[in-house]
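Listed next: structures, encoded as structure tokens.
Below are two complexes that have subunit A in common, paired first with subunit B and then with subunit C.
The block that comes next holds the complex of A and B.
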């Protein structure tokens, strides 16, 4: 087991860019965890004069926004929101996607037809509009944003899982399991899934990056939860001042860009490490 | 229309212009108007729910519908009534009836003539039951004496300034009988392509983008309108409006179209001017409303305490960049006829607020006095910030606040239809005359579920109803002013809903747009006289 992990780590590390990505993701996670110690007060509090530029006042290293809130504190707490939504949404999407994809492929027949048509139905609706619709119906709560993002991003995972399952379900080892009288659920999730999982994990890591962008878009449009800070919301609030105090948008914008880039690099690294066909290329 | 002199007026507007720092000179150029061109306009808000909303519906439909529909009168910048569709309106000696002489040769956009029948229909079927509501409760009947003369009869004496204000106000639009008779006016689909007597005809409404109006060639005021085409376009946020100005895609924007920090920059280019005139009859306020269907906010002491917890100078200086000032009482200080300083004021005092809340029976228990849902209507950029600020201000007196900043439609629904809020931040614009726009926030008969911008707090005080009832029938202008002061005092003490700040709106226009901002409520005028010096 340990040997397997070392092998995995070695292959992951061979992709230098992935290492950089991993480092950045760890930094963001670190900031998210450390935020309450760095900034003990509520990040949405008005603490100083509005529109102090970054690197001017030592108390507000990244400056203050149009109301006089500390951008450093908001960015740090925003990392929590962003990561939380990204991970939870990705988890939601992965669970829905694997369940639908696995069932469709393994059961086949009309169930497959039905589930795949449903998947296509979801795919045809423009993602962002679907997210906005769900959020405006359910309300502006962070839970609902997470659910909304999860609900629109599961389709590629479902299709990938289905394809993997299709190629695995008639292999000898599966037939052997059947011959031994194993139950369907056990075969699906105990035998086939572990073999189908690597590409799904890669895709899930990319869904996290997509979810971060969705959350930012929703918050930018003013439909995010106003009770928590998020990077998109900070950009949305700062956009009226883009001609005079552009840093209000630039700081969280940079944070989003780096995080999404890092997540994509990590995804590439995972792909290299987990995809046996690329092994020792 | 006595008791208000030109000097009073000059004092108020001169003050406004000086305070703004830019004395725009939109109308100073004395040259003959040029014909032609396309005027692109907008306002500092969003697209309306319908081009014409018969029951009111806020400023956005008011902005679009007034280009199509006209009223009998209009109020000029020096607060004199000027004839539009009526040539003359005269009260009888006992003020129980008024004779209206209509302008001859006025046609609707479909070619039919405007007659006394239309006016009788408007008075009895539209104004009284729908747009003016309780305001015209006293209206008993309307009678067409001849094709161009109508007599309005009232149960009680009706003050002249009041009636003329109603007819020149938001509720006084004249709609065609032949289109609306026999239908439900409020839900008639023609409200999306209204047919009026105004200078502009609706050509096309592209939802989510703009509405295009074309010149009504048979307009009664020969030569007008000066532009061939009027396009009202909506942008979602102020920064993109200022980009549109600079890109030459926008000619004029009323009611704070662009971010305040951008104003000085645009003026600096010399291609644009900022104008503060044209808002005296639509004074904008941002108010805080307390839902008295909730046990906690039913207590007057709680409402007063919360008023003390708000730093209104912070709102006007930081959120509005100085383009607003803290309100005193329920009447905006720009209302030179009725404003009074002699009311209960609520200076910012966190300690006092906390003490009042303790006394009201809401001490701090495990870190919080109570939980509140705060709904800040998301139709203005500033409301987003005010919501965020108020959350903090109320948390400073140990109240747990759940903030929501819904979009326009959801805000209207939550505040004015479902009453699903504890404390709300909303806006309204009131005319010089306080009945009905200002009073309907305070009177019992102002409670109309689903009707926007009325009494949504559920406040009901017989004393208040009585004062407003008296204001409605007092024909002596001086006595009326003192009744209004009584109203203001009671409103300030009871504080069911109170303005936090009076806004000082500004119109931004390209410097080649001429003759705008000449009336007391420019945004709600027909814009027939606006021309392009190109």
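The block that comes next holds the complex of A and C.
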């Protein structure tokens, strides 16, 4: 087991960009965890004069926004929201995707047909429009944003899982399980799934990056949870002041970009490490 | 060929049907309806009047009847009446649709031009500084949120340099000729279309590079070289043509995302399209309009996907419809 992990780590580390990505992701996670200690008071509280530029006042290293709120504090707390929504949405998408894909491939027949039609349906609906609809109908709560993003991003995972299951379901070891009298659910999730998982994990890690972008767009439009700081919301708030203080938009935008970039790089690294056969493509 | 087209188009029908039913269910999950907003905006409190209004708009009927009525009316392209614009939903959407289509087409154009060129360049100069620079650029634009890119471009090119307008679709209050009007719209189009297109350009560049390298290894390319064709001709006429196929697939798959992305970009550049309409409707709980945009948007994507599939059939004669 440990040897396997070392092998995995070595292959991951061979991709330099992935190491940089991993470092950045760890930094973002660190900031997200440390935020309450670093900035013990409510980040949405007004602390000083409005529109102080970054690197001017040592008390507010990243400046203050139009209301005089500390941008550094809001960005740090924004990391929590962004990561939380990204991870939970990706988890939602992965659970839906694996369930749908595995069932479709394992059961086959009309169930497969029906589930794949459903996947096609969700692929056809313009995804951001769907998210905005769900959020506007159910309400501007962080849970609903998470669920909505999960609901529009599960389709590639379902397709991939289905393809993997298709190639695995008639192998000898599965037939052996069947001959032993194992139940369908146990074969699906206990035997086939672990073998089908590596490419699915890679895709889920990329879905996290996509989810972060979705969340930021929703929050930017002012449809996110108003009681939670998020990077997209900061950009949306700062938008009216681009003539005088464009840094209010620039700082959280850079944070989004670096996070998504890092997540993508980690995804590529995972791909190299988990699917060594595909590496040269 | 005709049978294939008809069969492909027929697949759209159940899809749209499902979209309609799903949206109807979603709308009924909503706490508070447009009816509530309408009556509160007009300050109607008289219970008798409320009952009468409920009856007029059919809100008092059972859900199944409302659903059946809704499906029937959508089939006649009657998406309901928008109390906010005081016009049929369908008319309002069709009126706003051209602006969004122009934006999307321009973005697709920029994405294809930039993405394919970059991909081809990277594959020709594979593993050189050019390749690395292009890959680096692709990674960055793949990660940058389009609305943020739009804002930063506005700061740079509209506020600081003053090259392009900050927003809108045409300069207000200018009397001009047809050519002038087109140029005016194009001038307004540059920033939003670039902001929307660069993300897709990054995707296309990555896919194009990989696909070029893949195709360049095939036998027919060696044959082309062996018969003495110049390097440029081999790349342009033989490798590129075949390497474009995955791009076409990708384009079809991403149309839906692009329609969503244009919502945000329209909000940034106050572009008067479907996105601004949807945004306004979501804010005012104008559900018939939200539903209408969702249904027509899905229909648009479904039709475009079918077109791409048929196009694929033309581009790659090896694929025969099963």
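A few notes on this one:
In the analysis below, the second predicted complex is superposed on the first by the 276 of 281 C-alpha atoms of A that agree within 3 Å, B and C clash if a C-alpha of one lies under 4 Å from a C-alpha of the other, contacts with A are read in each partner's own complex, and residues count from 1 in each chain.
What we mean here is this: a contact is a pair of C-beta atoms (placed from the backbone, for glycine too) under 8 Å apart; a residue touches a chain by one contact, two chains touch by 3 or more.
This one's a predicted model, so the numbers in the text were calculated from it and none came from an experiment.
Steric overlap between subunit B and subunit C is present once the structures are superposed on subunit A.
Of the two partner chains, subunit B is the only one that A:67 touches; subunit C does not reach it. By the touch criterion stated above, A:223 is placed in contact with subunit B and with subunit C alike. A simple residue count on subunit A separates subunit B from subunit C, and the partner touching more is C.
Using the contact criterion defined above for the overlaid structures, shared-chain residue A:260 touches subunit C, although it does not reach subunit B.
By the touch criterion defined above, A:249 reaches subunit C but does not reach subunit B. Once the two complexes are overlaid on the shared chain, A:123 sits against subunit C while remaining clear of subunit B. Using the contact criterion defined above for the overlaid structures, shared-chain residue A:46 touches subunit B, although it does not reach subunit C. Once chain A of one complex is fitted onto chain A of the other, the partner contacts of A:211 are absent, as it touches neither subunit B nor subunit C. When the shared chain is aligned, subunit B comes close enough to touch A:237, but subunit C does not. In the superposed pair of complexes, A:134 makes contact with subunit C only, with no contact to subunit B.
Comparing the two interfaces of subunit A, the one with subunit B and the one with subunit C have residues 136, 139, 223, 239, 242-243 in common. The touching residues of subunit B, when paired with subunit A in their complex, are 237-239, 242, 259, 261-262, 265, 314, 318-319, 378, 381, 384-385, 387-389, 391-392, 395, 402-407, 410. Within the complex, the subunit C residues that touch subunit A are 14-15, 18-19, 22-23, 26-27, 29-31, 139-140, 142-145, 147-148, 151-152, 154-155, 159, 210, 214, 253, 256-257, 259-261, 263-264, 267-268, 278-279, 282-283, 285, 287, 290, 293-294, 297-298, 301-302, 305.
Per the touch definition, subunit A reaches subunit C in the complex via residues 117-118, 120-121, 123-134, 136-139, 209, 213, 216-217, 220-221, 223, 232, 235, 239, 242-243, 246, 249-250, 253, 256-258, 260-261, 264-265, 281. Within the complex formed with subunit B, the residues of subunit A that make contact are 42, 44-46, 50, 66-68, 136, 139-140, 222-223, 226-227, 237, 239-245.
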